[in-house]
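What follows is subunit A paired twice: with subunit B in the first complex and subunit C in the second.
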Partner chain A sequence: MAERVPVVVGVGMTPFAANREDCTVRDLAVEAVLDCVRDAGLETLAAVQHGLTSYESDHFNRQMTLGAILHDTLGLNPTPNVRVEGGGATGALALRTAWAYLQSGLCDSMLVYGCETNGKRISAQTANQLFALSADVDWEMMVGGTYTAFYAAMMRAHMEKYGTQREHFAHVAVRNRRNAANNPIAQKPMDITVADVLNARPIAEPYTLLDCSLLSDGAAAMLLATREWAAQHSPRYAERPVVAFTGTGCGTDTMRLGDRYPHLTNFAGKRAAAQQAYRMAGISDPLAEIDVAELYDSYSGVEIQAVEDLGFVGEGEGGAAVVAGTFDHGGQLPVNPSGGLLGRGAPVGATGIAQAVEVVQQLWGAVNPARQVADARRGLTDTHAGIGSICVVNIFERQD
Partner chain B sequence: MAERVPVVVGVGMTPFAANREDCTVRDLAVEAVLDCVRDAGLETLAAVQHGLTSYESDHFNRQMTLGAILHDTLGLNPTPNVRVEGGGATGALALRTAWAYLQSGLCDSMLVYGCETNGKRISAQTANQLFALSADVDWEMMVGGTYTAFYAAMMRAHMEKYGTQREHFAHVAVRNRRNAANNPIAQKPMDITVADVLNARPIAEPYTLLDCSLLSDGAAAMLLATREWAAQHSPRYAERPVVAFTGTGCGTDTMRLGDRYPHLTNFAGKRAAAQQAYRMAGISDPLAEIDVAELYDSYSGVEIQAVEDLGFVGEGEGGAAVVAGTFDHGGQLPVNPSGGLLGRGAPVGATGIAQAVEVVQQLWGAVNPARQVADARRGLTDTHAGIGSICVVNIFERQD
Partner chain C sequence: MSSASVESVIEQKTVQPAWAGTDDPWEAFRQVEIITLELTQQYRHSLGKYSRFFIELANKQFYGTRCSNCERVYTPPRPLCPDCLHITGWTRLPGTGALMTYAVMHFASEVNDDVRRMSMPIILAYVLLDGSSTLFPHLLKADPQAVHTGMRVQVAYADAPVQHPIHLMHFVASEA
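For the complex of A and B:
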């Protein structure tokens, strides 16, 4: 099956913003896809054999069947389409599904595009409502559970069990926002200190306002194909290193944090996802064999949990590794050079695709020098829904 | 790749009902999946390698990430999951996506389950709202467009261009409801006449109340796997004919009917979907080579349009073929033996899977004698979203 492993033909992004007042979610999808088409050096999308819409919730735009609408808006009829959804893991699940469609032979090229308008476009009241609806409405919402509280409880457990300190995850909040300063599409680069994070407005113990990530308006797109299709249709394909999509894993966990008791510190679904992806990609020592990673820093401490669950360090060792600079620019395994969810932003259905766009551009050596990870040959993306109910890990690597 | 073509290991269904007041959507999913597990002769789901949730809209249960919730409810963690959505085509898109996952090698077995609670559980006001939200909110809802009106306009165009008569599609309304009488899980079997249909309350010219299909509470499940996995894990596999999932096609069309002018009579996306599926399954004369079909009779006339778009008869010939009995029980190609959306019912995310369950049971020779199509070896399912914005055709066949 190796000859059908998908390669990346083109990538596209919109800027991520708190509120793209100038356009609708349709315009965002078009903007990212046109950027992707240009990047691939295509004249049109006519040769593309399949579309895949990555979009989280009908609630965000108060519109059902957005897959059909966006596919139509992009002018892709009568080409087939499918929409995939899995909370915060939506974009990564979309790419994983594209891997399956391409590998299966159903198509030789697939345009994966994700978009969402969930920045300031929605009121704080609506945002809270959407957070509530993404928890378990029958069992959690009624007792006032929200994701910020669930994440905070997980981090409290991590601190108590492993001695992780607020300063450890404040380091993540500082570094990712500084990284965002080198990313022209980032929503909110900031030059802050650990003290700024610790002294910011408390949100849910141990997290302050600066430990929390962003909701964004934005879109991202990736054109995947077989090598044969890529060579035949994309003039850019021969001009840059071939980057293949070599591994994908998915793991799940209970919706409710209480159902995981007493194992509250980490994400079991993420471990399962990582192990599958590593097996596919032939990785045995992830810290040594992965050169760049985009991790799902929905809250600063989540990055510490993720580096453990992804096997970069042992469980409980994430905090110390983070403050030692292991995951900083110039460190052993630079994490979130894009700025992550904390600095670049997160339009839900686009987030997992945007992570993959960053990783692929890093592997191409195509980002600006301040952000470029030297000699990056293999990159990883990590996303999850809720507090890890669905986790997806994808791996891309240079083939030369 | 032929050795990885998925085979059906087990099927399961709940009864379809206007209002399953006794349970939630979670209970429905469990009921269908347990039925499927029993049908496959499995003790547990432990060996199943992947889940796939087929569910239409977050609006129906006012709950986001239902894929994660149902997967958890079914006890499938940490097994991977993915949720697929495409309006009325959701269930068929789910099966198509399972085909891709299995064929790709990402897994050797996949549990596909669809469910929805959208019968009388929701008020008429909410139902109208959901219909409106599934049209194009920016361009159609504001001018009062609803799906019943769009379907009626398509049928008016068909009548004017081809001389199709109200009596032609009333035949479908009568036959499918009579077929439902032989299906113990059907929601609304009726013994009515063509005159009853013509004289029923007008809804949207030319359609009366009895030309319109049902909204249902219900769930359906199908366990698909490679032959090797099936032989290793399912004691039932060796006991009945092997049924393989041999073809799948998907075509799309504009969201808005007006954008198709002047071609308003038929479904272009369905033609594209059928051609792909026929190519995969090696079918050149569908009327002769297909033995049983479940078609998407959301309105009675849609079945007439479908038999044309699927190439069973030429464009404009559907009405005459329907009244000639070509698609009746005992006719050349029996259609909707289950009762279809008109008689059996339609819980959106489950509908395409329920169609496939009927077809597979027909191929196994496992339905009651009054409903059984004699010597059925190859069956087809047809669904679409909206008025054909996403169309999916799937084909199953006996391998002995």
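For the complex of A and C:
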């Protein structure tokens, strides 16, 4: 197995924005893939053996069969293609799928690209209804429920059981938006205070507008391969530290929060995903052994639940650890240096790939020095669908 | 020569993103036209094996399903017990219970006229119905200031026409 552990050959992405009016969804994919191809030092995609198209929503993109369209647009015909979908976890599930394709020997190189137009092409109300289609359509959605409300009810349970405060998750909203200021392709950097978050317009209490992540247009790409393929085809492979994709885990949970009773506070699927990934990567103390992480902060409080479910701290200890600065830049385990979903943005099919792009660039030491985590050797991405109905944890590490 | 009129065109403009800089590789492709695109869908949507729940709501009765193997009771109903893979059966519940968690919503998914008619805020409540093993999600019609976890609630049935059958019920605070 070990000799086929995938390595990262190149990464690319578009800026994330609320409205990429200059692009169709396929234009976005093209920009990210071109960025990735140049990063890998390739002239063309002729040697790439397989493509993987990552997108969630035919409704948002107003287009089905994007795999076929993008292979055509990118000149990848007749290279094989597969499309992966897993709600909010789509991009991370795409990378996990690539891990399996490469390990199996089905191909020696795989171009994974994700794209989505979740921005202002439709109204916020329509967007909410389309996202609600990924909830259990005959039940919570039809009473008027929104994902913000599902997450808010979950967070209220966390607050009541563990004493977590609104100020704790407001800290996440402030920090991740400030981190975004050091990322020139982030959608919405903001310099705000905890009071600004608490006093913002309530959306679904306890969450206010500033606790909520962004709707974005954007794309991201990653070229993964065996070491042999990378050395043979990418002139840049020898120029920078080898970063390998050493762990991947996936876990699932019920669609509806109420079916998890009495366990309402945390993501059991995420816990399962993390345990698998840690076993694969040989990690026993994640807080000490992981240097940088991109976590799925779809809502500010979700990051608090995530640091618990990923085993960085114990269940119920996330709020205190967050305000203590454990996960700030310069803290023990810097989280969401890119700005996360709150500050950088979240075009769904691209999100999990973009998280991995940030982690890999951190490991290469290639990001803006203002957000570079010193001596980062191992990084993690955490991505999920729904309220944790599909959870994926991926681990990348330097092997020099 | 004037150009032909196209009804769907909203706007034509030149887009120059800040990040493109002065050496823009896409310089030749910065003129964009934006049109309106409509996509309307209507379904003949079967409620399938869940139908009896909705049919009984119209009779002001609240039903869940019970697994005869593990005795768990599911609300919302599950035709298949996910723990035992046994086919469940219908069981009537009194419709009383306790609020376990909730969210005060200032923005709803306007998926049907029932939701569109509501004024915000509304409360999405997760209720442990007496006799059930799971929480049932629905709206609790109450003053958000008067709501707290653990409070007793009960099912109230609609006395006016509704668009979607799930709105044949909602929760209210229990009477004394």
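As a convention for this text, the second predicted complex is superposed on the first by the 400 of 400 C-alpha atoms of A that agree within 3 Å, B and C clash if a C-alpha of one lies under 4 Å from a C-alpha of the other, contacts with A are read in each partner's own complex, and residues count from 1 in each chain.
Keep this in mind: contacts are C-beta pairs under 8 Å (C-beta built on N, C-alpha and C of every residue); 3 or more make two chains touch, one makes a residue touch a chain.
This one's a predicted model, so the numbers in the text were calculated from it and none came from an experiment.
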(message) Quick check on the superposed pair: does A:R83 touch subunit B, subunit C, both, or neither? Answer first, second, both or neither.
(response) first
(request) Could you look at A:Q103 and tell me whether it touches subunit B, subunit C, both or neither (first, second, both, neither)? (result) first
(message) Once chain A of both complexes is superposed, is A:F327 in touch with subunit B (first), subunit C (second), both, or neither?
(response) neither
(request) Return first, second, both or neither, reflecting whether A:D138 touches subunit B, subunit C, both chains, or no partner chain. (result) both
(message) On the A-aligned overlay, A:Y261 touches which partner chain: subunit B = first, subunit C = second, or both, or neither?
(response) second
(request) For A:F16, select first, second, both or neither according to whether it touches subunit B, subunit C, the two together, or no partner. (result) neither
(request) Figure out whether A:T65 sits in contact with subunit B (first) or subunit C (second), or with both, or with neither. (result) first
(request) State whether A:G269 touches subunit B only (first), subunit C only (second), both chains, or neither. (result) first
(request) Overlap the subunit B and subunit C contact sets on subunit A and report the shared residues. (result) 59, 62, 138, 259
(request) Would you mind writing out the residues of subunit C in touch with subunit A in their complex? (result) 13, 15, 17, 19, 26, 29-30, 32, 34, 37, 39, 47, 50, 74, 76, 100-112, 114-115, 118, 121-122, 124, 126, 128, 133-139, 144, 149, 164, 166-167, 170
(message) Can you tell me which positions in subunit A touch subunit C when the two form their complex?
(response) 15, 17, 20-22, 59, 62, 125, 128-129, 132, 138-146, 148-150, 152-154, 156-157, 160, 184-185, 201-206, 256-259, 261, 264
(request) Using the touch definition up top, name the residues of subunit B that touch subunit A in the complex. (result) 1, 24, 26, 51, 56-59, 61-65, 67-69, 71-72, 76-87, 93, 96-97, 99-106, 130, 133-134, 136-138, 248-255, 259, 268-269, 272-273, 276, 385-386, 389-390
